[in-house]
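Can you keep this structure in mind? I'll have questions shortly.
Labels run A, B, C, D, E, F, G, H, I, J, K, L, M and N following the written order; every chain starts at residue 1.
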Amino acid sequence: MNELSLIAIASIISAGVTIGLGAIGPAIGEGLALANALRALAQQPDKANTITRTLFVGMAFVESTAIYCFVISIILIFANPFWNHFLNQAGG
Amino acid sequence: MNELSLIAIASIISAGVTIGLGAIGPAIGEGLALANALRALAQQPDKANTITRTLFVGMAFVESTAIYCFVISIILIFANPFWNHFLNQAGG
Amino acid sequence: MNELSLIAIASIISAGVTIGLGAIGPAIGEGLALANALRALAQQPDKANTITRTLFVGMAFVESTAIYCFVISIILIFANPFWNHFLNQAGG
Amino acid sequence: MNELSLIAIASIISAGVTIGLGAIGPAIGEGLALANALRALAQQPDKANTITRTLFVGMAFVESTAIYCFVISIILIFANPFWNHFLNQAGG
Amino acid sequence: MNELSLIAIASIISAGVTIGLGAIGPAIGEGLALANALRALAQQPDKANTITRTLFVGMAFVESTAIYCFVISIILIFANPFWNHFLNQAGG
Amino acid sequence: MNELSLIAIASIISAGVTIGLGAIGPAIGEGLALANALRALAQQPDKANTITRTLFVGMAFVESTAIYCFVISIILIFANPFWNHFLNQAGG
Amino acid sequence: MNELSLIAIASIISAGVTIGLGAIGPAIGEGLALANALRALAQQPDKANTITRTLFVGMAFVESTAIYCFVISIILIFANPFWNHFLNQAGG
Amino acid sequence: MNELSLIAIASIISAGVTIGLGAIGPAIGEGLALANALRALAQQPDKANTITRTLFVGMAFVESTAIYCFVISIILIFANPFWNHFLNQAGG
Amino acid sequence: MNELSLIAIASIISAGVTIGLGAIGPAIGEGLALANALRALAQQPDKANTITRTLFVGMAFVESTAIYCFVISIILIFANPFWNHFLNQAGG
Amino acid sequence: MNELSLIAIASIISAGVTIGLGAIGPAIGEGLALANALRALAQQPDKANTITRTLFVGMAFVESTAIYCFVISIILIFANPFWNHFLNQAGG
Amino acid sequence: MNELSLIAIASIISAGVTIGLGAIGPAIGEGLALANALRALAQQPDKANTITRTLFVGMAFVESTAIYCFVISIILIFANPFWNHFLNQAGG
Amino acid sequence: MNELSLIAIASIISAGVTIGLGAIGPAIGEGLALANALRALAQQPDKANTITRTLFVGMAFVESTAIYCFVISIILIFANPFWNHFLNQAGG
Amino acid sequence: MNELSLIAIASIISAGVTIGLGAIGPAIGEGLALANALRALAQQPDKANTITRTLFVGMAFVESTAIYCFVISIILIFANPFWNHFLNQAGG
Amino acid sequence: MNELSLIAIASIISAGVTIGLGAIGPAIGEGLALANALRALAQQPDKANTITRTLFVGMAFVESTAIYCFVISIILIFANPFWNHFLNQAGG
């Protein structure tokens, strides 16, 4: 049963590091985009609609890279195929 | 029962590192956005409503990456499926 | 009783690193925002109310990421579920 | 069966690190592009169509590098040929 | 009694690293804010009251992240629950 | 059969690190180019054709370095000559 | 008596690293503030009093983070509760 | 036959690291060049021919450093003289 | 007598690292301040007295963080309480 | 024959790291030069000949440092005197 | 006599690292100050006396942090109290 | 004969790292110089002779640091006195 | 005689690292100062004497930190008191 | 004879690292100086003599730190006193 615990430890550490590391880039990228959106708003307040629409569609792109990390992280915790395999084998 | 303690140690360290690492990006990104919001406010005080609304919606996007980390961190401490499995097995 | 001490050591180190690492981002982000708030104030002293209100609401957002770290850190020291489990077991 | 668990652990850690590391670049690159798109919009609001079209086609290029990482990450978890080989051998 | 000394060593190292690491961000953030406050003062000397009041309230926010680190550091040295537990047990 | 698993582990880790590390540069480089393309578009909207054509040809150059990494990564997973050699030998 | 020496070594290293690491941030932060104070002085020599007063009050804030580190460092050398405990026990 | 597998592992890791590390520089360098080419195009649209010709010849220079890495990487996988030597010896 | 030498080695390394690490921040901070003082002097030569007085008082603040490191370093070499304790014990 | 394989492993890793590390500097340096050449072309299109000639001669200088790395890398793989010595000795 | 050589090795490494690390900050800080002094001289050649006097007094401040490192380094080589203690003991 | 192989391995790794590390600085330095030479050419095309002459003499200075690394690297591979000593001894 | 060789190895490595690390700061600092001296010369060619005199006196200050490193490095190779002690003892 | 080979290995690695690390600073510093010399030349072509003379004297200063590293590197390879001592002893 030692294998099962090693898989669990690797999954716990990997899940944490994945989202911890993967949150740095998107957060800085979105902050950068938002900062410039606000400058653009102050410069062209009449085009607020176009600017905020482009901003939120663009931020969804950036957010997607954070979501990839979150998905992998959640898969490693709740739908880990390696864990399931060893669990079935241990239970078989 | 040695496995249980290893899972616990991995969860404790991973939970801490996840949120510790994951707070750097969002905090800097939000600070950057807020800094530019204030400059935009000083430049276009008449559009304060549009600017602050865009700011807080955008910061919610950025905050979301910090919340992903917090969620993973809380899951690892309070709803860790690996820990629960070994606990049930130890208690069974 | 060796497990109990390992959990304690992991909690102590993780609690320290979490808040030590997690204080870097928010502090720099808030400093950045505050710096621009003061420039905005000097530029538009008539709008001091709007600027400082936006500043403090925004800083509460940024502070929230530091508070996530602090919460995890305090949980690991005073409400650690893994520690409590092993303590109950040792005491049982 | 020890080999199987080592392959699993290597796959779990590698999958996490790949997407965690690979999300930093695209997120910052897309944030940078989006930030300048918004500035360009504020400067030339009449050309909003050309700008947003170029932006989203360009971001698809940048996103592609994140998707390479995601693909490798998913392959390592769900379609890992090394894991399959050892699984077949263990089951044979 | 070996456990007690390991807890002590972990607490000593963690207390030092926590405040050593946690002082970097706030100090740079406060220096940044102070630097801009002085520029703002030179630009709008008539609003010195508003500027310095906003500065010191804002710096209290930034200082709070340093204080979180200091609090955790002091707790780990003088009110460490793990140390107290093992001390009571050793003394019991 | 121990050799086969070591080759597999090295291939899994190397494939992940290769594309994870290799995605940072191209993504930032393409983001940088895209950002300036949008500024150029805003400055010379009449030359949109020349600018976007040069942009996409140039981005293909940058993308090529990411593709080198992806190719090596895929070769290490699906067409690894070292793995094939040991597999043939084990099956021979 | 081996425990006592380990506590001593951990205290010595931790005390040094704490203040060595903790001096970087405040020194750069104060240098930054001082640099801008001098620029502000050159720009508004008539307000030298307000500027230098704000500067020195602000630098006391920044200095406080260095002093937290110094305090922890001195506590670890001269008033270390863990050391005192083991010393009393060894002497008892 | 142990030597053969060590050579294989070293080749796999080295091939991946070489191209993974070697893609960072060229990608950023080419992105930088492309970004300035687009600015130059916007500034001198009449000289588009000269600018794009110089750009692509120059990018071939930059690309060459990425190709050196790719060549070494491919040599290590498909034409590795050390591997061939040991293979011949093992087969001899 | 082995403990005494370990304490000595830890003190030697810690003393060196403390001042080596602690000299980076103050030197850069003071250089930054001095650089701006000279620019201010060139801009307002009539206020040389106020500028140089503020400069040297401010540099004393920055220098203080270097002196904290130097003090800890000297204490660890010449007035190390842990060393003295073990020396007395060895001599007793 | 163990020595021969160690030499081979060291050569493989060293060859990869040499060109992988050595490609970063020249690629960024050449990209920087190329970027400024294009700006210079846009500014002085009449001197395109002088500018591109100086650019390509200069880039050959920069390329030379990449070539030094490539040469050492190729020597380590195909003309390694240490490998040849041990090969002769093993064959002798 | 083994202790004596360990003290010697620690002193040699620590002395080198102390001054090697401690020379980075002061050199960059002094270079920065000198660079601005020369700009100030070019801007206000009539005040060369005041500027160079302030420069050299200020550089003495910066140099002092390098001298702290040099002093600790020389103490560790030529007046090391720990070495002297063990030397006396060995000779006694 | 074990010594001979250790010397060979150390020489191989050291030769690669020396030139790999030593190519970063010169390449970036030369790229920086070349970039400014081209800007200077665009600004003063009449002085192309003086500028390019100074550029190439200066680049020879910068190249010299890369050549020092290349020389040490080649010495370590083809004229290594330590290797020659042990070779003579082994052959003697 | 084993001690003597350990002292020698520590001295060799420490001497190399000291000057290798200690050359980075002074070289960059001097380059920075020289760069600004040349700009100052171009701006105020009439004051070439004052500028170059201040430059070379200032560079002697910066050079001094490199010389501290060189002195420690040479002392560790040619006048190492620890080596002399053990040499005398071995010869006694 | 084992000592002799350890001294040789330490010398080989140290010689390579010393010059590899020590070439980074001077090359970047000289490139920076050269870049500004060319800008100064373009700005004041009449003073080409003064500028290039100051440049080459200044670059000799910067080069000196690279030469310190080269000297230590060559001493460690060809005039290593530790190696000579052990060689004499082995030959004695």
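Criterion: a contact is a pair of C-beta atoms (placed from the backbone, for glycine too) under 8 Å apart; a residue touches a chain by one contact, two chains touch by 3 or more.
Which chain is which protein? Per UniProt: A, B, C, D, E, F, G, H, I, J, K, L, M, N = ATP synthase subunit c.
Only a predicted model underlies this, so the values are computations on that prediction, with no experimental measurement involved.
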Can you give the whole-Å distance between the Cα centres of subunit F (ATP synthase subunit c) and subunit J (ATP synthase subunit c)? 21
Where the centres are mean C-alpha positions, what is the separation of subunit H (ATP synthase subunit c) from subunit J (ATP synthase subunit c), in Å? 11
I'd like to verify one number: the distance from the centre of subunit C (ATP synthase subunit c) to the centre of subunit D (ATP synthase subunit c), where each centre is the average of its C-alpha atoms, in whole angstrom. 30
Touching two or more other chains, which residues of subunit K (ATP synthase subunit c) qualify? 11, 13, 15, 17, 19-21, 24-26, 28-32, 35-37, 39, 41, 43, 55, 59, 66, 69, 73
Which of line, ring, star, complete or other matches the graph of chains that touch? ring
Reading around the ring from subunit C (ATP synthase subunit c) and passing subunit E (ATP synthase subunit c) first, what chain order results? C, E, G, I, K, M, N, L, J, H, F, D, A, B
What part of subunit F (ATP synthase subunit c) is in contact with subunit H (ATP synthase subunit c) in the complex they form? 3, 6-7, 10-11, 13-15, 17-22, 24-26, 28-33, 35-37, 39-41, 43-44, 46-47, 50-51, 54-55, 57-59, 61-62, 64-66, 68-69, 72-73, 75-76, 80-82, 85-86
Per the touch rule above, subunit K (ATP synthase subunit c) residues touching subunit M (ATP synthase subunit c) in the complex are 1-2, 4-5, 8-9, 11-13, 15-17, 19-21, 23-32, 34-39, 41-43, 45, 48, 52, 55-56, 59, 63, 66, 69-70, 73, 77-78, 83, 87
